[in-house]
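Going by the order they are written in, the chains are A, B and C; count residues from 1 in each one.
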């Protein structure tokens, strides 16, 4: 399967967007530690030897990163699943690369727009572009292999 | 791989349930825009040129759709992963179709039951049926390929 | 594909960690029913025939299980996606087994550490070990098939 260039490019872009999604976890940890905002009482010991329960609270910046992470889960995982099936339908390499590059670009911009709170509709449009790429791949999968 | 009818039917049903899951995002946006309830200050500009911070709040109907979306993530993604491995174990086509159809049907009903707030245990039973389908496929995967 | 021992072991461990993740749902239900804490008004009928709206509230133990479930989604799904591509790059069986076993072990310990609220950094270290395993597999995928 890894002999196909389409599958190689799918593997590359799928890994890149999954890594991008995973980086939201350390980013959340960074904000939690620097802002001293924790979700669990036992975590407060990282910054306070006494284990201060007042540090168990929410913070707008931490919640923003977490919403961005959640949006990644809701969009990147469908891309990976549908993209895998799409790659197996043997599309043209150029068409496949266009889908994968547009998706990866739109999600990297989306993260930047979300974390930096850029004015709308920048984030909304990058989210929509990613959705459209996945819909387009889903259309090809269904029109190629439909078996109900 | 796409020559196998089992794999074609898996691809079809996996794409359908992933698309169903993805449709929760526009549904959330629809409720946010019509109820004027936003998660980010910059999003309020969609409905108010002044950017009214009082619109950053929660709403029971928006939270209901978001819980349904979260439940999809927790159930549909395991189905897709386990279903892919299950399809590769070369099950009988009729058995595979039974699993895939039951799952897709149960999740479509689950969404309807959740968003329309149907009386319990309708939603609980449809959730349980989906879980049982995935457990059944996982059992076949483990009993066929177990290699620890 | 299922003839490869590496793919068999991937299928086994992927199914195990997905099943572990799915078990967080019944655990959440168990805590909701025993603590009488619900997310939806219609769910209160499971414990109160009158449908008591005061039971729609949050509870620290339920939220703890839900955070653990969310952490699973954020870590186990990337493992499954990257692990599938990694298994297709035909790594040494011993190297593959080391990755899969370390990940499964780290996530099972992570769940225990989270639900039992063990003192940090036990949970933090098990989370980091799981991340490192996935990063290591992603490195091999990208260095083997990179096609941008």
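Throughout what follows, contacts are C-beta pairs under 8 Å (C-beta built on N, C-alpha and C of every residue); 3 or more make two chains touch, one makes a residue touch a chain.
Predicted, not measured: the structure shown is a model, and the values here were computed from it.
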item: Length of the shortest touching-chain route, chain B through to chain C; value: 1
item: Numbering shared by both copies at the chain B-chain A contact, with half separating same from different; value: different
item: Computed distance of Cα centres, chain B from chain A, in Å; value: 17
item: Sequence positions of chain A contacting 2 or more other chains; value: 1, 73, 77
item: Complex contact set, residues of chain A against chain C; value: 1-2, 5, 8-9, 11-16, 18-19, 21-22, 24-25, 39-43, 45-46, 69, 73, 77, 80
item: Chain B contact footprint on chain A (complex, rising order); value: 1, 64, 67, 73-75, 77-78, 81-82, 85, 88-90, 117-121, 123-124, 127, 131, 134-135, 138, 141-142, 144-148
